[in-house]
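Quick one: the structure is below, questions incoming.
In order of appearance the chains are A, B, C, D and E, and numbering begins at 1 in each one.
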Amino acid sequence: MEDLGIKIIGALLTVILAFTVGMTYGGIVRKLTARVQNRRGPVIWQNFLDLLKLQSKKTNIAHGFMGHMAPVWIIISAGTVLMFIPILNGNLWFPNLTFHGDLIFLLYMMVFGSLGMALGAGQTGNPNSAIGVTRGLSQMVGFEIPFVLALVALMVQYKTTSIQDIMDIQAQTGTWMMFANPFAFLAALFASLGMFRYSPFDIVGAPAELASGPVSEFGGKYLGTMMSGGSIFAFIKLTLYVDLFMGGAGFGTGILATIMGLGILLLKTFSLYMVPVFYGWISPRYRTEQAIRYFWGWPTALGVIAVIWAIF
Amino acid sequence: MVREKETTLYLGPQHPGITGNMMIKLKVTGDTVVRAETHVGYLHRAFEKLIERRNWLQTFTILCRFCVPEPDPMELTYARAVEELENREVPERAEYIRTIVMELARLQSFMLWYAGQSGSAGLYLTGQWSVGDRNYILDLFEELTGGRIYHMYIWPGGVRRDLPKGWKDKALKTMDYIEKRLDEYNKIMFDNTIFQKRAQGVGIVPKDKAIEWGVVGAPLRGTGIKHDVRIDEPYCAYDKLDFIVPTQEGGDVWARALVRQEEARQSINIIRQALEKMPEGEFYNKVPNPMKWTVPAGEAWTKTESVRGEVGFYVVSDGSNKPRRVHVKGAAYTNGITVLEKILPGQNIADVSFILNSMGVCPPEMER
Amino acid sequence: MNSFFLILLILFAGAGLSFVLGKISSIISGTVAFLSIAAASALFFTQIEMGSFIEFSLGGIQLQWGLNSYGYLFGIIVLGLGTLASLYSISYMQNKERTSGFYFNFVLVIAGMTGIIFANDFISFFIFWEIMTWASYLIIIYSGKNVKKIGIKYMIFSAIGAYSMLTAIVMIKGQYDTFLISDAINAGAFNFIDNIYIPILLLIGFGVKAATMPLHVWAPGAYNNAPTSFTVIFSGAMSKMGVLGMGLVLGHMFTADRSGSLTNFFSGFSVIYLQQTIGWLGGITAVIATLYALIQDDAKKLLAYSSIAQLGYITVGLATGTKLGVMAALFLAVVHGIFKGALFMVVGAVERQAGTTDMTKISGLIRKMPFTFLTALISIIALAGIPPLGGFVGKWMLYEALITESNSYFLVIVIFFSSTAAFLYSYRFLFGLFLGQEEKETEQVKEAPITMIIPMLVLAILLVITGAFPGLIFSPIATAMEFIGFKDVTWNMSVLNNVWGNEMNLTYLGITIGVVFVSIFAFITLKGLKGTRYVGTKDISTSGEIPYENENLTFQINFFQPFVRAAAPMYKRSMNKIWNELGNGLEALFNFTRKIYTGNGQTYALFVVIFLVLMLLFKDTLFV
Amino acid sequence: MTSNNKDKQTIVEYIQNWSRKHSLFVMAYGTGCGAIEIPATMTSRYDAERFGIRGAATPRQADVLLITGYLATKTLKRVIRVYEQMQDPKYVIGFGSCTINGGMYYDSYNTINALDRYIPVDVYINGCMPRPEAVISGFVQLQKQIAEGTANNAAKYKENLEWYRANQKKIIKNWRMPDYNW
Amino acid sequence: MEKENKILEAIKVAFNVEGHIAREKRVMITANKDIVSSILLFCKNQQGYIHLNHMSVVDRIEDGKFELNYIIWSPTEKVTIMLKTFIDRENAEMENIDSIWDQANTYEREMREMYGIQFPGLIGRQDFALEDWDEMPPMRRDFDTHAYAEKTFYQRPGREDAKDVREELTKQSGEVIPDFAKKYSRE
């Protein structure tokens, strides 16, 4: 019973951590972007303000059941994936649930949210939303190929499909996966550019083309909930990358160890997050087919090399 | 109604991708534009009607609002038309000042264009920088004319006031700064392979049809045809200055962008030359009491080169103290309606806003 | 009387009766068909003991009917789906013409498939196989456009399958002197070492029904052209007959004991090649069918291509020849039967209520047909393989099998590409029919009648159950796999395992999703309950512009154009195009064949019988 | 307008208003020539984002509708639609003299002269054209109103819908707008 | 002035119309409305004046005429021809030239809307800038825009007296304005 209690508290802590970190990262990116653009920029906690405001909107429009459900799907997807991803290695307070984060499960579960979003956007009947969704799904087919190649390379190399095992092996051998199989890391890194949807891959909600794409018709609490889901997802993706390629984080259960583990995690995730952000600052947007072709070019080739590397 | 085999997509009037307040009704299949219709009139203020109720000088408050991003060519063209009707002389110093004002206006408009062109492709950094730096040019205007955007500075017979003390040095300094910054924008925008991929081969204006279609300005020069009012029918002090009219082959967005990039440099060059060569003397050939000021009957057609292309004024006077008719032909009147409707079909939805910006579509001068 | 006879008798009698009563009323005819199939399934699930069989001789040939665990698995699909589909048919066919012939053939197809399941010898297997083919052919040409072309295509490919199967049967008879399937297996007829031709010929025969590339050409047209209530069976159950045969052959081919001599080593090597070839064929089938599915504008055609793609996964699973892989394939076969059946029912319901399945003509049916949408949603989630429904379990096992057991790393990528691209057409399907702005013509559309809703919802609920407790299906699969040579198959009720020792616990998943769902749904709904206002789909932000009242802005045409443009090379080089060009060249041949196959089932049957007799007569001279 | 009901706010309302005040999504709709100063306001010298002001692409997400200058009757119709598609609480800023009394367009047959007859306006910024500083001061004014809880003109619009509708329909002859369920 | 003379003579010879050279690079021609399109075609196809610069209308209400202007330009000669014609104000109708230049379509749509000039065979959207306009075409001189605006739009009080702000202020503050500064005051 005590075990279960810790797990429930741990799960709540994980959600709060993911939400806070995701939102704060968003705020920091806004601030940094502003600084690069010669501006002062908003405060770092601006995203929280935006969220609070969106949640306190008095009226909210839904175009029907799926529109109402879209944010729910996103949060389900985000929340569920979060429960199955190891946050800190060997820490009691941030446990993932017993089965140790199966990679294939994660791949599919992450799509769950996108599909829900897509359905919600579809129900509004706004052509911009539908076009945005087709773009998003098409781009997903693009970046999933190198990403999966990288994951297959990982699985083959370490003969496991569990994230926890991969983390453990990295901890044991002392070699990060990004050095053990650099090609896989590079392929996944390229894929991450598409995953985070910064320029040049922000084709889904491209303002000058599609107003704001799938979220065109969502406002108020719906937009706010989506924003929270998106923030959690950002954290999930980053943590996943850190777990897989950068050895994860975590030292143990003690208070000091937990704090240190979190510190290391934040350091790693933030530096990883800066890759797509930096790339985004100076890149215009691709057209959809250009973006897909991009992912099917070098990143996929790198992925293939990674798999071959892993086999031999 | 049987559903057409096309989807209707409204681009504007309220859309981040539209330049100003207008609407382009796109018929698309997939993400390819099949037909495009430009709808205007969202900014129709009946200026030409109002001008008929204003006297010759009051008209200037209206003129500068014809095209908001670049108001000065309108004032100049009208002033020149009135001068032509009246045979009014313009002092040489005023011609030089007018040249400087024109080129400053062009330069600030180019900087807005940098923002529009790169912003519509999703590159916001250049836009943020250039619009921010544009304020320095507006500062010059403010010191010179008293207004940031609307100047009402050029009058028939000259300009409203002389250059303030120290303005010349300030202008030269600003030019140095802007020139340095232009390099930086170009590094981010033009050296970027993604931008090149986006811009090349998109929105092609055919060279053999361009003049017949009524294409003017940078889109025309982007097809390789060297046509610029500043050399065809020189006005102000342009015939005394040394500058290049750049052209590019291809007729696509990329060619137009290169033309504009070079033109922005040339503007700085011209401003420097004009400041250098400017003679001392009168800046204003006095007009009579504006309330009683009549202009001899007649008609005049004057043209000026703005950033978007040729701006023409057709001014008719019936000898009274109010213009009988002032008809404005903005560059966007052809570029933004018929030409756009011809080049948009077959393009990607993603490129519509991009092409729009490269064609220099400016709604207020289309519907006035 | 023996239950085997009784079941078949009920079915055949039901067929005849529904044909006769069909002259009076379509509803009565449909009800009779439903009752006979329902009765047959009731008998099947209650009366027949596993492993029981009867032997009798007919015209000097010893025949044996029985039920083994392998057949039982497919019996679940056939009779379960058959019952629901026939119930569904009653309303679907209500206002159609010539329903008596339809029901006659419908029940006959079920009877044929039941016979195939019962058949323990090749002769009755083949006869029932032909009954199924023949009856389904008559349904395909029942209505629709291009009937002749589609019918001939189907007929020719069926004939190719039938003849190769027949040749194989005769070869078995010639070499092992038996018609009994178990005898042939025990004698090693499917063993690749001794016989190259028999397994390959049989695989061709079964591959036609399973629509494996390059034998899939007939499938899209035929699936699309058949009345939708039959396509449910066609795609859901009949294609599984091909899977049944392929599983039988491949299972025994790969599980055969090959340890030993040097020659065996080489033949073992060639088995691996064959395995890889079939696997890649399956993978490429999946990719190309998926690519074609996502450019379809017709919902039914989309599902037709999607069926081919799903059968491609199943082929891949079978071709792995590992426990997990075959288990995945069989699991996918069952689940595919369920969700594709449900999806075709959805399409049928839309077709009946809105009059068309062209997605460019209808949209926004969600408000009109909520239950249909719910079914479609659940089935699509299963189809796309998204947790927590049944489809995910199958996909998971397939991937794990490919990665951990059969080392086909690049095949995994191909499969993954296909299943990611499947999201595209999944979304297209849901969006095209149910989402978007409401069309003016569909204002009067109402929800489908209850007899159509019930089968759909039953299937949808089954999908949810299989997602949470896949063990319910694992248990028949495990016993079935013993029949095709996989011993000691282990399974858990709701935990998945791979050979590397990783596990996937569906209980935790279910609980997590449930908890998150309930809390967030409550949050979203309760928070500002007054504040949420539902607006019509006409109230959208169209960049401030005001569209005309009858202007439908839903984006439906060339839906995935950017993707198609990016994948253009793949479309250009796709097999179907080559095949079509070849087919155009063969048009003359087709016309010639048409003279022989007049399109009449009797002449077809006649030719087959003649062929069989000839083969039997000359078998000694031909194959010795 | 500025009735001081600051004390009446509950703590929840206070927090809500505080967040609204610091997060203003501005509808990206350049209705008139004033739109030319918006880029300048958003970029480096003036940088409105430090006040939490940022653009929103569609009316569903926006809080503030900026009427940048005169409204042609054709645009008025679109503005009304956009305004009604926005979600409560929503604010309108009238921008430039021409929204107040028609400015220099007082005798034009195609521009309306007093914006607040057609949609409720929370803050007017005068000038032609208002400088970025003026725009920001207008926003600060609006923030003040929001914090005090007095920027509730959207509610007044709903209450007096008939009056507004009558005014609107006087200008817009062909009223073909979807009916909104409020 | 050589080029200008050349084209002027060519047109005069071909069509027997009046014309003169207004100034450098401006050739003005007045023609009957029936031959306008022929002249335009002649200039476009044979003289190289392929660029339609402008089309404009002046309402000569006192004569009961509309004055139509076609301004065309040659990219080689760099000379502008201004072709002028008069049509009746009542039931104004003019030949449609958008088969010669596509962009003439836009001008003609605008003229149709603003002046009520009909162009038979003009294909294009009915509206140009106005929407649901049911008054007299607004650019006609007898349309009083001020009266219309006062009638239609709410006029906020405060500007009806049209007083000089400066004078009002000086009245209040008692400031003295010197005579030379007064002269631009409104009458």
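Points worth noting:
Going forward, a residue touches a chain if its C-beta (ideal position, glycine included) is under 8 Å from a C-beta of that chain, and two chains touch if they have at least 3 such contacts.
Keep in mind that what you see is a predicted model, and the values were worked out from it rather than measured.
Listing every chain that touches subunit A and subunit B alike gives C, D. Of all chains displayed, A has the C-alpha centre closest to the centre of the whole protein C-alpha set. With centres defined by CA atoms alone, the chain at the far end from subunit A is E.
Per-pair tallies of C-beta contacts place A-C first. Chain centres here are C-alpha means, and the one lying farthest from subunit D is C. Note: centroid distance subunit B to subunit C, computed from Cα atoms, is 64 Å.
Annotation: 60 Å between the Cα-based centres of subunit A and subunit E. Note on chain placement: the centre of subunit B and the centre of subunit D lie 30 Å apart, centres being C-alpha means.
Each of residues 37-39, 57-61, 127, 131, 134-135, 207, 211, 216-217, 220, 287-288 in subunit A touches at least two other chains. Chain contacts: subunit E has residues 129-131, 138, 143, 145-146 touching two or more partner chains. Subunit C has residues 533, 535-536, 538-539, 541-545, 553-555, 559-562 in contact with two or more other chains. Taken together, the chains touch in the following pairs: A-B, A-C, A-D, B-C, B-D, B-E, C-D, D-E.
Listing the residues of subunit D that touch subunit C in their complex gives 29, 58-60, 77-79, 81-82, 85, 176-178, 180-182. Across the complex, subunit A meets subunit C through its residues 55, 57-66, 68-69, 71-72, 75-76, 79-80, 83-84, 97-100, 102, 104-105, 108-109, 111-112, 115, 118-119, 122-127, 130-131, 133-135, 137-138, 140-142, 144-145, 148-149, 152, 155-156, 159-162, 165, 211, 216-217, 220-222, 225, 287-289, 292-293, 296, 304, 307, 311. Across the interface of their complex, subunit D is touched by residues 30, 34, 37-43, 46, 49-50, 52-54, 56-61, 207, 211-212, 215-220, 223 of subunit A. Every residue of subunit C that touches subunit B in the complex is listed here, in rising order: 360-361, 439-440, 541-545, 547, 550-562, 564. The part of subunit D that touches subunit E in the complex is made up of residues 73-74, 77, 100-102, 106-114, 117, 167, 170-174.
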